[in-house]
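First chain written, first letter: the chains are A, B, C, D, E and F, and each begins at residue 1.
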Amino acid sequence: MLQPVKKVEIIVSYLEVPAVLKILKKNSIRGYTVINNVSGSGEHGYSGDDLITNSYIMIICTDLEMAEKLSNAMQPLLKKLGGIFIITDAQWIAH
Amino acid sequence: MLQPVKKVEIIVSYLEVPAVLKILKKNSIRGYTVINNVSGSGEHGYSGDDLITNSYIMIICTDLEMAEKLSNAMQPLLKKLGGIFIITDAQWIAH
Amino acid sequence: MLQPVKKVEIIVSYLEVPAVLKILKKNSIRGYTVINNVSGSGEHGYSGDDLITNSYIMIICTDLEMAEKLSNAMQPLLKKLGGIFIITDAQWIAH
Amino acid sequence: MDSNLILSNILNPPVLFFFLGMLAVFVRSDLEIPNPLPKLFSLYLLVAIGFKGGHELFESGLSPMIISTLLAAVFMASIVPVYSFFILRVKLDNYNAAAIAATYGSISAVTFITASSLLDKIEIPYGGHMVAALALMESPAIVVGLVLVRIFTPKALDISVDEKHDRDDTDNKHHKDEVDNKNNKDEADNQETSWGEVLREAFLNGSVLLLIGSLITGVLTGGDGWTKVHLFVEKDLFYGALMFFLLDMGLVAARRIQDLQKTGMFLISFAILMPLANALLGILLAKLVGMGEGNSLLFAVLCASASYIAVPAAMRMTVPEANPSLYVSMALAITFPFNIIVGIPLYLQTIKLLGV
Amino acid sequence: MDSNLILSNILNPPVLFFFLGMLAVFVRSDLEIPNPLPKLFSLYLLVAIGFKGGHELFESGLSPMIISTLLAAVFMASIVPVYSFFILRVKLDNYNAAAIAATYGSISAVTFITASSLLDKIEIPYGGHMVAALALMESPAIVVGLVLVRIFTPKALDISVDEKHDRDDTDNKHHKDEVDNKNNKDEADNQETSWGEVLREAFLNGSVLLLIGSLITGVLTGGDGWTKVHLFVEKDLFYGALMFFLLDMGLVAARRIQDLQKTGMFLISFAILMPLANALLGILLAKLVGMGEGNSLLFAVLCASASYIAVPAAMRMTVPEANPSLYVSMALAITFPFNIIVGIPLYLQTIKLLGV
Amino acid sequence: MDSNLILSNILNPPVLFFFLGMLAVFVRSDLEIPNPLPKLFSLYLLVAIGFKGGHELFESGLSPMIISTLLAAVFMASIVPVYSFFILRVKLDNYNAAAIAATYGSISAVTFITASSLLDKIEIPYGGHMVAALALMESPAIVVGLVLVRIFTPKALDISVDEKHDRDDTDNKHHKDEVDNKNNKDEADNQETSWGEVLREAFLNGSVLLLIGSLITGVLTGGDGWTKVHLFVEKDLFYGALMFFLLDMGLVAARRIQDLQKTGMFLISFAILMPLANALLGILLAKLVGMGEGNSLLFAVLCASASYIAVPAAMRMTVPEANPSLYVSMALAITFPFNIIVGIPLYLQTIKLLGV
């Protein structure tokens, strides 16, 4: 009943969320979850709280290869505009 | 000092949060964290942003079997109303 | 291209966030993400919703030892004021 | 149709802001009203119309005409979902038919408010009891919808049903009776809980409670309370909040328009023709009761409008087999703009023509 | 008691909305005012009473009576936690006793505002300097509470204490002195930081700063500033915001009521009797100072009310050994509704009887 | 300088609240206005000035003077970033120079509103068309900034550039031309998308659209709409919202001040001297056009102010090589407070001296 999946977590400026969702669409990924209004600090200094906040995007990939495919598709955006992309192993209930 | 735990993550419509908390209570789980106002897309189309948003619920289970017990208890709800349930291995500081 | 990292997740009262960020600074950690307005229940009863909410803090540590170092630095605070500290293995795109 | 009426309706700041919201989505602007700010405006509008209605009810007292109006309101709210259901069953399965029927049996408070702002503008009077009618019309359709599901798919309300309806949002198949209804051991149990939940959801949901609570507060605090807060619940502040809420509704409705591709012509036609039919029925009933011009318009608008908040929330929990993107999109992306832009002046024109 | 007074108090839209909020929780409605909207109302109310008080202070100037009132305020805020502490120690450990004592020494701004709205309604005048009294009474109790902890459990404020107090929310044991206080090497260090933090938390916390800042703004901008913004800080908008905030407080207080099971009869009685005693003391002091009817009521209400925002936040950080669900629930689920519903008219009646 | 003018400007509740916000950060109070409440105030302010400006435009109609003013506005918005760029290039790389230049070419609506509130206070009239000027001045600088980047670093706008500019926030090196601009196969493609995005971002971003939409609504709904909502968009409510928004701006600006350490004296001087120069140029142009005292002040303020919302958002996406903490901090932590506190009365004094 439990099935291995890859959990992808992305943190980018809220301005870039449309670009990320476009990439998901291109890769035929229909399932994702977004948390807006996230603040944080990284190479580009502090974001959040005031004018430009971050968003957190989570994608559960049942297709294990998809996570890495996605990481390739996201590379240019991350290189250019910064942000976080991580992959974790998890298990999910296929319902 | 670090101790293995199971991290359970649930994403459901905010309307279903009371039902999930009831299930937690039934299983004597007192510790959980909820993030409201989460948006997302899945089999049931887009939720969030406007009228009906999702909630993200996280439960750290120190009792490793509990995670799977919980997954069984949640099955009917997930089958009926959709949503995400995943389990990840983690370590925590027992304080 | 994918590189192993440790993902640290902390849940504490929003009142304690400045103290946690101070600890991060002391350990020269510049990258973190905070989600405010998180509710939850634990040993100290229910927080959130009304007067005192929790915050969720996530730190991706590329330096694998840092996660445990951080767990030591956080111990006294967690002992005193409660909260959650967990570590998960993940992989990230070094961009 | 009287073009002055259309112009009066459109050249209203709130209605123009609805267009502005839609425009923002069409030109892909990043304009947005972040959560939970829209909730602030909707809570405020409910309190304002409730309190104002209560105050006017306090002033006017109960009359036989008011009581007939309230009975007519409950009658329409109960009967609309029934005939809607049978029309929808022609093309849809029972679940979707019942959910959409309930949606159209209930009402949209903002459509009502927009209509009342037109009446204010062209100075046609209306009574505070119409807010009570509004409150009474929110809930019955939810219950009727569920009764219909229970009658036509007897085992459907079982909350622990084991097989999930294979909903498919990507194409346009809404086959009838394709759901497998397994019996389940603790069915009886679950059905009871379910009914309790349903009735609570129907009659005690947040907006109904806030509206009725504000109405009663308006009645109880009488002239004194009114003097204290009337500038909070009416006039400039009220219009301002309505402007912002309609701006948000424009954004939300326009975002839903793309979902309509999956909806098909049958449902799109339904979302325009059913309001017209319901409004006409409402107007005739209003004439029968002798409501007067202003109240008749508000009554017609209540009959014609569809719920996109209370009913979808209830249906999502109680008829999960139905596809929310169908009923929400129809109510929000077609019926709501149709009523706001075309419907309100059209119904008023009809009322004038029929000499209600 | 004068039943007119009770009715006047209850038939006030804000108080009725407090009941509506409680009702919503009791009937398990899904009505809610999502975060951070309640914060909007509380920020607004602080600015409004601060600015209004400042303006009135600008008009009246400082008088010996005003200065005596402010001294009386600081006196009560410092003395209430001391005697409360010794009463509470009979049944509780030092930590919980000190935290609850601090809670009752401080004040609730919304209780104050509700009382002033009753005075407005029955047209009894009161002075702008009472807002200054309110501001002065928020903080001292926090400091007194900590001093008490320091005196009676000398090593308690050590921020890096190694053993965690085994708090137990599920049953009702609050044994005295059960906490193990290990000495720690860098104790002195930590205590200093801790004191600095405590004083800042006490005197510069957000609500105190905003209130005093608005008060000073009201004084500095004089008649000119008042003309510009008076309709923003008083009358209909003020009552409207108070309605919404009390609606939220009703929701929050009712949700806390279930926590009271764990509280026990001793603390429930304390949460009603202590406000009565404090109010009476306040009234006597007010008579002594010669404050007049309106100011006496506000002073009594300040003495009787308990903090559920500033003090809990401070105590959670500085006396973590105390159980927040005790002091928050007492202040919020018992003392606050008691004052709003019964206390305010009762104190006013007493003032009238005593001919203050 | 006329000390009355300075006092009049500072003893304005909104300006005092700006100081209060800064003070809260300096004394490390926990005062905060949680997200998305500041957004509520900024949306409201845009709607209010837009609608009010539209109404006044409706009353006054278009005159040659108004048209000259709007042309002067577009001229200044286009020319300021050009000369700013060449000054900044002396010390900075092209990316940062262009981003900062664009920031100073665009405007800050809140600075404009604060200036208009001073004019209201000292009763100097001004025209509704100045809001149209404001709207016209938001966007051109974004486009000019990008054109400059394109001309001076021809391959920079390539959205899939493979090498990341090694931004370094911790020290103050902003070497010129250190960025490696690799050619990329699908460059042409990406540049096109990029340009479309840029123009949309510039001319259809949320604040521009809302402002222009409200302006047009104000024009279209004429006297009728104005009667309905004027108390929503002007007077007490407007000042109240401005108070809250400036309180938040004080908090935000003060938090940014620590970033200035990394900025260096060159940029700090630029952030004060450039507004002075731009204001002077604006005043001379205003004299040429014959705008009158009030409009001249608003025009000077538009020229002198720098954008900290629209332009940073655009630059972050389109010139990611530039360091946002530079241009945001300069605009927010130096130029904004400078204009609010010193600039506005100084520009007005200058206008009076020059007899504009």
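Just so we're on the same page, a contact is a pair of C-beta atoms (placed from the backbone, for glycine too) under 8 Å apart; a residue touches a chain by one contact, two chains touch by 3 or more.
Going by UniProt, the chains are A, B, C = Nitrogen regulatory protein PII; D, E, F = Putative permease.
All values reported here derive from a predicted model rather than from experimental measurement.
Asker: Relative to chain A, which chain's C-alpha centre is the most remote?
Answerer: E
Asker: Could you classify the chain A-chain B contact as same or different, where same means more than half of all interface residue numbers appear on both copies?
Answerer: Different, since most residue numbers here occur in only one copy.
Asker: Using Cα averages as centroids, what's the distance between chain A and chain E in whole Å?
Answerer: 44
Asker: Quick check: how many Å separate the C-alpha centres of chain D and chain F?
Answerer: Distance between chain centres: 42 Å.
Asker: Provide the C-alpha centroid distance between chain B and chain D, rounded to the nearest whole angstrom.
Answerer: The answer is 33 Å.
Asker: If I count partner chains per residue in chain C, which residues reach a count of at least 2?
Answerer: Chain C, residues with two or more chain partners: 35-37, 43, 79, 82, 88-89, 95.
Asker: At least two other chains touched by the same residue of chain F: list those residues.
Answerer: Residues 34-36, 40, 164, 237.
Asker: Considering the complex alone, what residue numbers of chain B touch chain A?
Answerer: By the definition above, chain B touches chain A via 9, 11, 35, 37-43, 48, 54, 56, 68, 71, 74-75, 78-79, 82, 84-89.
Asker: Spell out the part of chain D that touches chain B in their complex, as residue ranges.
Answerer: 35-36, 38, 159-164, 167, 169, 252, 255-256, 259, 308-309, 312-313, 316-317, 320, 323-325, 328, 332
Asker: Contact residues on chain D for chain E in the complex?
Answerer: Touch residues, chain D against chain E: 35-36, 39-40, 43-44, 47, 51, 200-201, 204-206, 209-210, 213, 216-217, 220-222, 224-225, 228-233, 237, 313.
Asker: Can you tell me which positions in chain E touch chain D when the two form their complex?
Answerer: Touch residues, chain E against chain D: 11-13, 16-17, 20, 23-24, 27-37, 40, 120-121, 235-237, 239-240, 243-244.
Asker: Which residues of chain B touch chain D in the complex?
Answerer: Against chain D, chain B makes touches at 13, 15-16, 37, 43-46, 49-53, 76, 79-82.
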